[in-house]
Amino acid sequence: MVLFIEIASWLLLVGGAGFCIVGAIGLLRMPDLYSRTHAATITDTLGAGMVLVGLALQAGPNLTALKLLMVLAFLLYTSPVSGHALVKAAYSHGIKAELDVPIDPQQVQIPERPARDAPTDSARGKEGADDVSD
Amino acid sequence: MTFPIEAIVFLFLLATALAVTHLRDLFAAAMVFGVFSLLSAGLFTLMDAVDVAFTEAAVGAGISTVLILSTLALTDPREHQQPVRFAPVAVVLLVGAALVYGTLDMPYYGDPTAPIHKHVAPEYIEGAMTDFGIPNIVTNVLASYRGYDTLGETTVVLTATVGVMLLLGGLGGARHRGDAEVVEAAGDEEPTPMDRVQVARVSTTVLAPLIMLFGLYVQFHGDFGPGGGFQAGVIFASALILHGIVFGLSSLKRVVSPRFLEIGLAAGVLIYAGTGVASLFRDGTFLDYAVLDHHSAQHGRHLGILLVEAGVGITVTCAMVLIFFFFAGRRAAKSEEPGDRDRRVA
Amino acid sequence: MMFATAIVGILITMALALARALKGPTVFDRILAANMFGTKTILLIAAAGFLTGRPDWTDLALVYALVNFAGTVAVLKYVRFQDMAAGGE
Amino acid sequence: MTLHLPAIAILLPLLSAPICVAVRHALVTRLLTVAVGWGSLAVSGELLRQALSGAPIHYELGGFAPPLGIEYVIDTTTGYVLVIVSTIAAVVFSFGATTRGAALPAGREHLYYGAMLLCLAGLLGMTITGDAFNVFVFLEISSLSSYALIGLGQDRRAPVAAFSYLIMGTIGGTFFLLGIGFLYQATGTLNMADMAERLASLHRSRTVHVAFGFLTVGLSLKLAVFPLHQWLPNAYARAPAVISAFLSATATKVMYYVLVRMIFTIFGATFVFGKMGMDMALVPLSLGAMFVGSLAAIFQTDLKRLLAYSSVAQIGYMTLGLSFNSVNGLTGGLAHLFNHALMKGGLFLAVACLVYRVGSSRLDDLAGLGKCMPITSAAFVTGGLALIGVPATVGFISKWYLVLAALETGQYLFAGLILLSSLLAVAYVLRVVEVLYFKAPKSPDVREAPVSLLLPTWILIGATVVFGLRTELTAGLARSAAMQLLGAGS
Amino acid sequence: MSTFGLWHYWVVIVLMMIGLYTVIARDNLVKKVMGLNLFQVSVIMFYVSMGKVEGGTAPIIPEQASGPVVYSNPLPHVLMLTAIVVGIATTAMALSLVVRIRETYGTTEEDEIRKLDRAEHE
């Protein structure tokens, strides 16, 4: 049984570290902010999660393991929130996503939004094509 | 075995410090400064200074970044281009050379035979075990052996808050309307755009009580593990500040009014000094907790340390929230420019 | 030993995140990199605790997570507020 | 209860400050501040009497022996400085319009009094403690409260002056902290007496040399010694006149005391003057301060700035006395501590009375006030004469000892320079007298300042004459303090 | 690991000097405050690295004290808790002064403030 825990936590730790590195490389190579957020949040949730669970296994069933899982729960809870707030702030700041093919506004057919939206949303310029959920 | 990690962390520290100096965009500099504080807290953990790491993370990375940002919200975030001036470089090189010259006769890093480990430290370590029975030696020395230092420290927090209240008490500079109490005036503005963001609001309502609970845990766990009055105070305050950031000052004012905070600020220091005076009346010297309990000195010391840490926790909590009030309140006053009024309503 | 490999991985991630924080063109890249850097410091502390045989510091890691979240929310509030004063939503 | 007098001396202001913060009532806090001022004077007087009669008082805090815990050490010099600080505090706190000069936000007077009490607590705490790190903590308390008080000046440039004072002061404080760190690394303890014993065998260690360097530079920054004095003129000129009176008469004096305590108690005179050659550095700086300060004072257009520059010159006298490393020299320095506190405190309070009526301290706004405000102008003239060092005033006493010390060690040049710089003092005092008396009054309907303002001013100005005649209290005390320090030192 | 000498202190001194340079050379007041913080945090690093004992653990007594445990020196940690609080207090005070200056002068650049002062002085 102990051997199994050793192997499992070893795998989790190295895997988690690997995912973190993948996320970091993504952070550097991605072209624009939005894809970078995508890469960064992967490491926050998966990479950190695996490392923390690996450590919790190592610590054995005591208070430290509980604390580690609490840190994991806090991280899982707050990373998406801060990621969301970041992207919302960036979008309202007017940062555009870099699409691979430059679209010119005329020839792109923007599907008419269904009527249920509040008037103020549609009053916001046509170029904001995608749906802006509040 | 932790040497290679410390070396790499030092590299990061050097990089971030240089970045803070050279980044002309002040927002970016503030962010990198937050990273620098968090990294230095990490370094302290590697150097076995757990309580210092705790405080540096909570105070350095948390509160000072928030304060710098709230000042930047008022000022223009671009720094002027500046040629490198050589007088400061000369001064800095001179001071640095003097310091390095001074370290030549110092014992090596981590050398157990250094004079500081031989003279006073051993008494502190086994003193904590024998006549105090408190596992966390740092909290023990902080509150009992050098309790007077910590009283001075709490008074420093009180002084800084009184200073900020005096300087930022009035509503804006001469240009602004009347001298109505800034915090009341800032309170009645309509909800900030932030709290229309559903996600941030929901997450804070869930998180704030948990953070406060964690603050209480740190306050009373201070004797056994890393923690204590200061750290607990800052964590408690960050829960309230988080609420203030997301829900705006008006709701934070309803949760805890500035008047109450001012009384709490003074009460903390009075509790601390009061414990000291109590031991005066029982003919022990000032801040001598042993006399607080007749039959067992150890119990008296436990009681003394508990009271003292509680006093520190209350003062630091009220101080941090008050300072945030006056900085954030100031920001609302600033954006009350006539030009903004219509835009804000739209 | 396994902790050492995990820590090396985390240190590499921090180095890359730091590069993005310094290079990042817009402020938001820097905020993103700083946030990621914060979470990696949490892992570094937790793993270093195990490496040095004193694993009972994990509430320290919890404080880092808390401070990181509070800092990020504060930055985003002032980034929005600042531009709110400039142009509003 | 008299056994715990040292603790009460600090507790009085330290406890009343938070009470002022909690109680929002302006009048109650004002009365509390005045009571605490006079109370701390009484306690300090009693402590001085006890220190004079017997051996230095040791008071262990928290019931732990010195190297482990923190202790108070009160010898003659400590009692002497405690009395000076609390005398000035008592008189300045009972000044009529303390909040007049400050741009106070509405309903914040109680915080203003709280900040003043905290500054007093910081200064007293720094003087009385026998633990090196504790000096740093109370140094920060007094500095932070003085930054806030200076920043409250009605002058538009007050926050700028307070900010540059904060930057210079914090660099000075951090150098002081570095110096303590080096000393702690070399000796392993923080208690001053314990440190002195262990330093006796470490005179060749480079760490101790650099520690001495950083401690001295840090304190010189806070003491505004000649090249590092840029912050002082703006800080005292922009601050409310009452705060300038309080700070100029106490803050620099306590920093001077910490410098003296460090040189003679921790390092010992032989190490400081023999090995480190402190006098070679300090003498030119002091002479520079005397001349640059006085010359700059002559060309000032603002009365408070003029007095601030004269403070820089007077600090030069004190450091000159220190650098002679002789009983007469140190007596002159310590006596000048008390005399300058009286003179400068009285002069700044006189300026506060003028500003109370005229609203500005620019010289051309104060033209011809000699006739409309005769008592205040008379106070100013008496204070000016004391600054010059006219016989029968306190200024003369300290200059007398300084010249004596210079002649004693055969440096006739220094004696001549001291007298020459007094002539410069004559220049800027006469300039003010000429503005006050021989110019047409700008606004003839100015009435005399109220009694509640004039009384404290004349207490200090009167004292400059009284102690000029009966010198056993000032010079006698300074001499016994100097002998105790040098006795302990050499 | 114990005798790689004083290298540790020298890196901390370099950090101190970066902080001091920022305080002295930069004109922007907010950048000065950041520099002041850098300087104070590195002084704290200097004290903590003094206290580290090679092979010692954090000065908290573990429950199952198996044999004599070597602890790092607790005293520098106590002193540095005070220094951190002093640092944050000075920062709060400095930033409130910067806010006051910004509102009366409209700028946080020291050279512009001096120009405005000189202009207003004549």
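By written order: A, B, C, D and E. Residues from 1 in each chain.
The working rule: a contact is a pair of C-beta atoms (placed from the backbone, for glycine too) under 8 Å apart; a residue touches a chain by one contact, two chains touch by 3 or more.
Keep in mind that this is a model prediction, so the values were computed, not measured.
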Chain labels contacting chain C and also chain E = B
Chain of greatest Cα-centre distance to chain C = D
Query = Quick check: more C-beta contact pairs in B-D or A-B?
reply = B-D
Key: Cα-centroid distance, chain A relative to chain D, in whole angstrom   = 60
Message = Averaging over Cα atoms per chain, report the distance between chain A and chain C in Å.
response = 14
Request  = Quick one: report the Å distance separating chain B from chain C, using the average Cα coordinate of each chain.
outcome  = 19
Note = In whole angstrom, the CA-centroid distance of chain C from chain D equals 47
Inquiry  = Residues of chain C that contact two or more other chains, please.
reply    = 15, 31, 52, 56-57, 59, 62, 66, 68-69, 73, 79-80, 89
Query = At which residue positions does chain B touch at least two other chains?
reply = 1, 30, 50, 72, 99, 103-104, 106, 114, 116-117, 120, 124, 146, 149, 152-153, 156, 159-160, 163-164, 167, 200, 207, 225-226, 334
Inquiry  = At least two partner chains per residue is the criterion; list those residues in chain A.
reply    = 78, 81, 85
Message = Going by the touch rule stated at the top, which chains touch which?
response = A-B, A-C, B-C, B-D, B-E, C-E, D-E
Ask   = Which bits of chain C are touching chain B when the two form their complex?
value = 7, 11, 14-15, 18, 21-22, 24, 27, 30-31, 34, 37-38, 41, 44-45, 48-49, 51-52, 56-57, 59-60, 62-64, 66-71, 73-75, 77-82, 84-85, 87-89
Interfacial residue positions of chain A with respect to chain B in the complex = 77-78, 81, 84-85, 88, 134
Task = Mind listing the chain B positions that touch chain E in their complex?
result = 1, 3, 6, 10, 13-14, 17-18, 20-21, 26, 29-30, 33, 36-37, 40, 43-44, 47-52, 55-56, 59-60, 63-64, 67-68, 71-72, 74-76, 79-80, 82, 84-85, 88-89, 91-93, 95-96, 99-100, 103-104, 106, 108-112, 114, 116-117, 120-121, 124-125, 128-129, 135-138, 141-142, 146, 149-150, 152-153, 156-157, 159-161, 163-164, 167-168, 172-175, 224-226, 228, 230, 323, 326-327, 330, 334
Ask   = Any idea which chain D residues touch chain B in the complex?
value = 3-4, 7, 11, 14-15, 17-19, 21-22, 24, 59-64, 67-70, 103-108, 111-112, 114-115, 118, 121-122, 125, 131, 133-134, 137-138, 140-141, 144-145, 147-149, 151-152, 159, 178, 182, 184-190, 198, 205-207, 209-211, 213-214
Key: Of chain C, residues touching chain A in the complex   = 2-3, 5-6, 8-10, 12-13, 15-17, 19-20, 26, 28-29, 31-33, 35-36, 39-40, 42-43, 46-47, 50, 55-56, 58-59, 61-62, 65-66, 68-69, 72-73, 76, 79-80, 83, 89
